[in-house]
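Okay, so chain A shows up in both of these, paired with chain B first and chain C after.
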Partner chain A sequence: MNAEARVQGTQAEQGLIEQFAALKASGESSADILAVREKAFGAFEAAGLPHRRVEDWHYTDLRSKMRTAFPIKEAKSGGVLNIERLNACVFTLENGRLNEALSSFGDLEQGVIVRPMSKALAAQTPEAFGTVATQDDALVNLNTAFMQDGLAIRVKDGVKLTKPIHIIHINSEGESASYPRNLVEIGEGAEAVIVERYVGDNDAAYQINALSEIKVADKGSLIWVKLQQDGEQAQHIGSTAVHLGEEVEFDHFTLNTGSQLSRSQVFVACAGENSKIGCRGVSMLSGKQHSDITLLVDHAVQACESREFYKSVVDDNAHSVFQGKIIVAPHAQKTDGQMMVQSLVLTDDAQVSVKPELEIFADDVQCAHGSTTGDIDEDLLFYLRARGIPEAQARQMLIIAFLSEVIEEIDNERVVTLLEDLVKEWLEAKKG
Partner chain B sequence: MVAVQETIDQVKAIDVDQYKYGFVTDIESELAPKGLNEDIIRFISAKKSEPEWMLEWRLDAFRRWKTMEEPSWARVHYPKIDFEDLHYYAAPKTAEGPKNLDEVDPILLDTYKKLGIPLSEQEILAGIAPEHRIAVDAVFDSVSVATTFKEELAKAGVIFCPISEAIRDYPDLVKQYLGTVVPVTDNFYATLNSAVFSDGSFVYIPKGVRCPMELSTYFRINEQNTGQFERTLIIADEGSYVSYLEGCTAPQRDENQLHAAVVELVALEGAEIKYSTVQNWFPGDAEGKGGIYNFVTKRGDCRGDNSKIAWTQVETGSAITWKYPSCILRGDNSVGEFYSIAISNGYQQVDSGTKMIHLGKNTSSRIISKGISAGRSQNTYRGQVSAHRKAKNARNFTQCDSLLIGDQCGAHTVPYIESKNATAVFEHEATTSKISDDQMFYCLARGLNEEEAVALIVNGFVRDVIQQLPMEFAVEAQKLIGISLEGSVG
Partner chain C sequence: MLEIKNLHAKVDGNEILRGVNLTVKPGEIHAIMGPNGSGKSTLSYVLSGKEDYEITEGSITYNGEDMLELGPDERAAAGMFLAFQYPIEIPGVATMTFLKTALNAQRKARGLEEMPTPEFMKLVREKAADLNVTPEMLRRPLNVGFSGGEKKRAEILQMSLLEPTLCILDETDSGLDIDALRIVSEGVNKLRSPERSMIVITHYQRLLDHIVPDVVHVLSKGRIVKTGGKELALELEKNGYADFVDEKAA
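Right, the complex of A and B next:
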C-alpha cells in the first residue's frame, strides 16, 4: 500500500472512476441530481474502497475482496418471485430497475403513495431524499453516485396498512452491478410492514449496492424486514439509514443467507424521545461465505429503548462478522439499550468475529451488551439423543430453537412464520 | 441508575487535584541533549556500558521506528508529540555506577521514603519492620538507583537486577528472551522503546523455584522534558512462581511527559507469573494541563504447557493511558487472567484493556474490568479475545462494567471477539449478575446481598495482590475495589 499505488487506485476503484465518467457523459441525470451524484462520488474517490485499516472495515476488507467493479447492466430477468404467503403488495426491481409490469401499483391501499424513484427524482426530488443517509460512508456514497431506481413510498399520517409491501430485487446478469435506492416515509401515527427481498441467479457473479432511507414520524410504527438471499456468487453491500421521531416503534430484521460476500449496514438515529427500537437479525452461512452486519444505534435524545439481538450459524469455511455500536449522547438520560450477539460455530474452519461496542456519555442510563460464541451445547444434544432423536435431526432442532429465539421477538405473525420457514428451508437445502 | 454517594465520595478522594506525589526532588541530573538520533542511542548505550550487540539491536529498532507512524485508532486525543523535544536520558549525577544501598544519595532515599517505598533492608532484616518483605528495584528517571535484597534473592537462585546490569552480566539470558514477546517492530511505541530504553528490571526465576519474596519496581519520573522508557523482562523458568509489583508516580508539571515502557513476561512449562501494577502517574491538573502520556506495551507469553500469567492493574493516574496488558496462551492448558480497575477523573483519557490470544489446546482466560469515569474524563475498555484454529476447547469469560459519575464524562466498551474453531467457548458479559451463578448462589445462600456478593467475588480475585502492595496508595486501591457496582452500565 505505498503512496503511488494509492494514487492509481485498485482495479475496482479505476473501474468505478471510468463508470462514473461514462454516467456523467450519458446526460441522463438532471443537473440537480448530477450535482448530488458528483458530490457523493467525490467523497468516495477521496477515501477509496474501505480496507482493513479503516476501523469499521477491519473484518471486511472491501478493497481486497472487491477486485473489479462491474458496470450497470439493465436487463429483464423475467422471473416472478413473490412470496405468496405474505399476501403483500409486490414491487419488483430487475437488475436495479423497477419493472412496472411486475409491480402492483393498482393494488395499493388508500393513503399510501408509491412512485418509482427514477421518476420521483426526474420530476422533483422528494424533500426527505438524502436527509437520512447522511453518513460519509463509502457504500452510501457509491449508491448515491450510481443510484438507478427504486421506490419512493409515503404512508400518510394516521394510515395503518393492513397488507405488507414487498419489494423484490432480482439480479440475473453476470458481471453486472446494480444500485437500487428507496425512500420510505411513514407519517404521524401511521403503520406499515415492509419486506425487501434480494434474490438472484446462482450462476451470475453480480454486485448489488442498495440503500434505503427510512423516516418514521412521531408515533409511527414500522416493521422492516430485509431478506438477503442473493445468488451464490453475488456481492451484496447494502445500507439502511433510519431516522425516528417521537414515540416511534421501529423494528428492523435482517435475514442473511445469500451472497459470497455481504455487508449489511443499519444506521438508526433516534431524534425523538420515548421511541422503541428493535434491531435483530439471523445469519446462516456455509461454504466460503463472508457476511458482515454492521449496526449503529444513535441514542441522541432521552428515554429511548433499543434492543439489538443478532444470531448467526456458521458452517463450513464461512466467516460471520458482527459489529454493533450503541451510542448514548450526553444528556440522553434514561436510555435503555441492550445488545446481544450469539454465534454457533459448527466447524473448525468457520470463523466468527464480533465487536459489540458501547459508547456512553450519559450517566443515568442502562446499557448492556453480551456475546457468546461456541458450538451446539453437548448437554442439549445428549438430552435429545437420549430420547431417541438421531444426531443430525437433534442438531437441526437445536439450530432452529437457537434462531427462533430472535425471530419470535417480531410482533407480526406472518413475518415470523415466513422467517421460520426460511430457516427450515436453509437447513433442508444444506442437508441435501 | 445513578452512582451511589459512597462511590462518588471515594472517587472524589482521588480526584486529580488530590494528587499527593506531585513534589519534585531537587537533585542534579545528567541529561542527554534533546532530540533523537543515532548518536543519542550510542550515548545511552555507552552510558550503560553495553556490549556491541545491544547497540546494534537498538540502532536496528531506531531505523525501523523512523519508518513507522503513530497509532491513531485509540479513543484518545492529544496534540502531536514532538519526539525531538525530549531528553531521552536523564539520571541523577550521584547515581552513576552500581552502588550498595548505603552509598545511594540520601536525597534519593528520602524521595522514596516520601513515596512510601522502603529501600532500607537493614530494618527489615533486623526485624524492626517485620512486615512483608519486598525486594524493590527503584528506577529514577532513566536509571535504576537501588535494588534491595539482591543477595537474599541470589541464595534462591533468583536474579533480580536492573536490565542494564543484566545485559552486561547475563547476556545469554537477555539475548534469548529480549524482544521475543514484544517484537522490536510490534508497534510505534514499542519500537521507540527498543531503541532508547534506559532502564527497568530484569527477573529470572530458575526451575522449580518459588520466589521467596515479592519483587517490585518503582518508577519515578522527576526531571523535566524527559521521556521515561523502561523495559522489564521477567522469565519464569519451568515450575517456578513469582509475584511482581510495579508502581509509578511523577511530579506535578505543566507540560506533558512521555512514558513508553515495554514489559515482557515469559512463563515456561508450569510456571506462574503474577504481575500487578498500581499506576499513579501525574494525571494533569484540574484544567487538564500537564500529566503523563502513558503509552505502554505489556505482554505475557505462556510459552510452556500449564503455565499461567495474571495481570492486575489499578489505574488512576496519567493524562492519557494507552495500555493493553495481554497474554499469548501458547502452551496447552495455559491460563491468562486480567483484572483491571481504571478510574479516570478530570480530563484524563483512558484507553485500556487486554488481549487474550488463544493458541494452545484447553487454554482459558478471564477478564474482569471495571472502569469508573468522573469529571470530564473518557474511559474506554478495549479488549480482544481470539481463538486460533488449533486452540481446541479454548474458554474465555469476560466481564466489563463501567460506571459514570456526572454527565460530562464517557465510558466506552470496545470488545473484539474472534473465534476460529467450533470448540472455543467465549462469553462476554456486561451484567453483574453473571459472574458465576455458583459463586453467587453460594454467597447469597449465606445471607449476603447481591451487591456484597459481587464485591466479595471481585475482591477475591484481586485482594491478595492489592493488599501486599508496598505503597501508601495500596490503601486507596483497596478502597476502590470495594467500590459499589450499583449503577454500573455495560
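Right, the complex of A and C next:
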C-alpha cells in the first residue's frame, strides 16, 4: 500500500487531514498521546479510506459511501437512555464525551475501577492501552488519531460482578463526528457483563467511530453485548479488539438495527489455551440500510473452541454484509471452530453478501462453516395460518423464532430477555 | 354445513381434482378413502386454503360462506381445522406460546376477548393430560424432536383446544402404532358432537374401526367414484382399490 502514489485524497480524506492538523495545533494532548495519535494518523493517511479494491472492504466501499468527514462537536445531548430492565451501572457518553453527571461511578461494586478515558490518558497511559487493537486497520487508526473519551474499566482478579455495566453512547449533533475509546481489563478469574448501546437522533447526520480494546486474563469470563441502534442517518463504525488468556469464557453479541451505514468489526485473538469463544449477532435491516459485520477469530494457540453464529433479517432495499474469518495457526492443534451465517431475505430488492473463510494451517482441527439464505418458509407460514394466526402475525412469529435461535445461546437470562424485547420492538416499529 | 361442488384444482399445471362433489352436514363423519395419488391430500389442502393450488372450477362453501375467498387463517376462524398428515417442525416457537397465540387469534377473529392466561393454562393441562402430551412437550418448540406419535397427539390437542366445527383429519393414522392410534382416536371421538362435522382421510380401514364414519367415499383420480355406508370400508379392505382404478381406466 505504501508504494501506491496517492495523488489526491477525497473530500473526506482532505477534511480529516485538516481536522488532524487542527487537533495537533490545539495542544490538548500530552506529548506521549500526541505521538500515538500522529503515528496512527500517518498510517491512516498512507492508505486513505478503504475502498472496494481492498479485500476486507469489498462489500462496503467506505471511500465512496463517506463523502464528507464531519468534525468533532462535543455537546450535551439532554438524553437519558438507561435501560431500566438491565438493572446496570450506567455510564453515558454524549457526542463522544463522557457525561459524569449521567454516569453512576458511585454505584459501582467493590473490585471494579472505572475511570474516564480522557483522565486516564492525561495522567498516565494505561499499560494495556494500544496493545490489543494492533490491527493495521484504517478505522482503528482513525479512532486512535482522534479518540476523545470513553471508559477505562478494570475488574480486579477474582471479582465477579453481579450487575452489568452499561455504556450508552448518545449522538445528537448533526454533521458531527465522535470517536469514543474504551479499554476494558477483566482480571484473572473475574466475571463481568458489559452492554454498550449506541443511540442517536434520527434527524442528525453524524458519524461515529468507536473502538473498544478488551483484555480478559486467565480463567476470566466476559459477556459483551453491543447494541447498534444509531440514528437513521448515522454512519457507524465500531471496532472491538479482544485478547484472551487461558481458559477464558468470552461471548460477544452484536445487535444491529441502526444507522444508514454501519460496519462492526470484531477481532478476537486467542493467546491462551482451552478458551471458549462465542461470537454471535443479529442484524435487522430495512429501508436502504447497509450493514457490515466483519469478524476475525485468530486461533493462535491450541485447544480453543469458537462458535460464530450470525443471523440477519433483510427487508426493503437493505444490504446485509457478513465477513467472517477463522484462522488456525500451524501449532494450534485441537482447535474447534464452527461458523454459521443465516439470512432471511424478505423482498426481491434486499441483498445479502456473505463471505465465510477458514484459514487452517494445523492438521488436527475441527472447523466448519455454513451459510443459508432464503425467504420465510411458506410451509411454516401455512401451518400457522391454518391454525387461525393472521399472515402478518405469523410472519412476525417466524422472524422472532428465526432470530431467537442465536439469542438463546447466550448464557444470561437478563441479556436474552433484553435482546428478545428489542427484536419485538423492531418488528412492531416496522409494522407501524 | 360444507358443500363442495364440481371442484377442480391444479398444481404445477397438473389437474389433481377433477370435479369433486361432497356435502357434509353438521354432526356427520365422512371418511374419504382412495389409492395413493387419488387426490386425498390435495383435497385437504385445498379445503384449508394452501396457496400452491389453482382452483380452476367449482366452489366450496361452509355455512353459506364462500371459502375460496378466504385465506387459511380466515377459514380457521370460520371453524375449519386440518390435522396434518406430516405436522411440520417449527423451531423457536414454543408449543405453549403457539397454542395461546392460535387460540387468541381465533377468539379475536370471532370478536371474543383473549382468554386469561391462568384459565388457558388450566385448559391446556387438562386436555394435554387426556392425550398423553407431557408438560415437557409443551415447553419444547412446536413438534421439534417429537416422535411421529407425539406429533399426531399434538395435532389432536390443538384440535380439542381450538374446538373447530369442521375437522379434516389427513391420514392421522399414518405412522401410529396400535396404542397411539387408540389414544388419538379416543381424543377424536371425544370431540364428536351434533354440531361438529369431520372428514377423515385414510388409506386403511383400521382407523375407521376406532372412528366410525356415517358415510364412506372412494376418491379415485380426482373424483368421488363411490359412496356408501361404513361397510364400504370393509369391502375395500378385502378387495383393495383395484376395482375402482380399473373401473375408471375402462
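By definition in this document, the second predicted complex is superposed on the first by the 426 of 432 C-alpha atoms of A that agree within 3 Å, B and C clash if a C-alpha of one lies under 4 Å from a C-alpha of the other, contacts with A are read in each partner's own complex, and residues count from 1 in each chain.
Here, a contact is a pair of C-beta atoms (placed from the backbone, for glycine too) under 8 Å apart; a residue touches a chain by one contact, two chains touch by 3 or more.
Not measured: the values here are computed from a predicted model.
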Give one word, clash or fit, describing how chain B and chain C relate on chain A after superposing.
fit
According to the stated criteria, A:Arg387 is in contact with first (chain B), second (chain C), both, or neither; which is it?
second
Regarding the shared-chain residue A:Pro356, is it in contact with chain B (first), chain C (second), both, or neither?
first
For A:Asn412, select first, second, both or neither according to whether it touches chain B, chain C, the two together, or no partner.
neither
So, does A:Thr68 touch the first partner chain B, the second partner chain C, both, or neither?
neither
May I ask you to decide whether A:Ser29 touches chain B, chain C, both, or neither, giving the answer as first, second, both or neither?
neither
Once the structures are superposed on A, label A:Gln135 by its partner contacts, choosing first (chain B), second (chain C), both or neither.
neither
Is A:Asp375 contacted by the first partner chain B, the second partner chain C, both or neither?
first
Quick one: is A:Thr125 in contact with chain B, with chain C, with both, or with neither? Answer first, second, both or neither.
neither
Who touches more of chain A, chain B or chain C?
B
Is A:Gln233 touching the first partner chain B, the second partner chain C, both, or neither of them?
neither
Quick one: angle from chain B through chain A to chain C, Cα centres, nearest 10°?
70
Least CA distance chain B-chain C after superposition, rounded to whole Å?
14
Of all the chain A residues, which ones make contact with chain B and with chain C?
none
Note which residues of chain A are touching chain C in the complex, please.
378-380, 382-391, 393-394, 397-398, 400-402, 404-405
So, in the complex, the side of chain C touching chain A is made of residues 48-52, 71-73, 75-77, 81-82, 84, 87-88, 90-93, 98, 101-102, 105-106, 109, 141, 158, 162
Using the touch rule from the top, collect the residues of chain A that touch chain B in their complex.
55, 330-331, 333, 339, 343, 345-375
Would you mind writing out the residues of chain B in touch with chain A in their complex?
1-3, 73, 389, 402, 404-431, 489-490
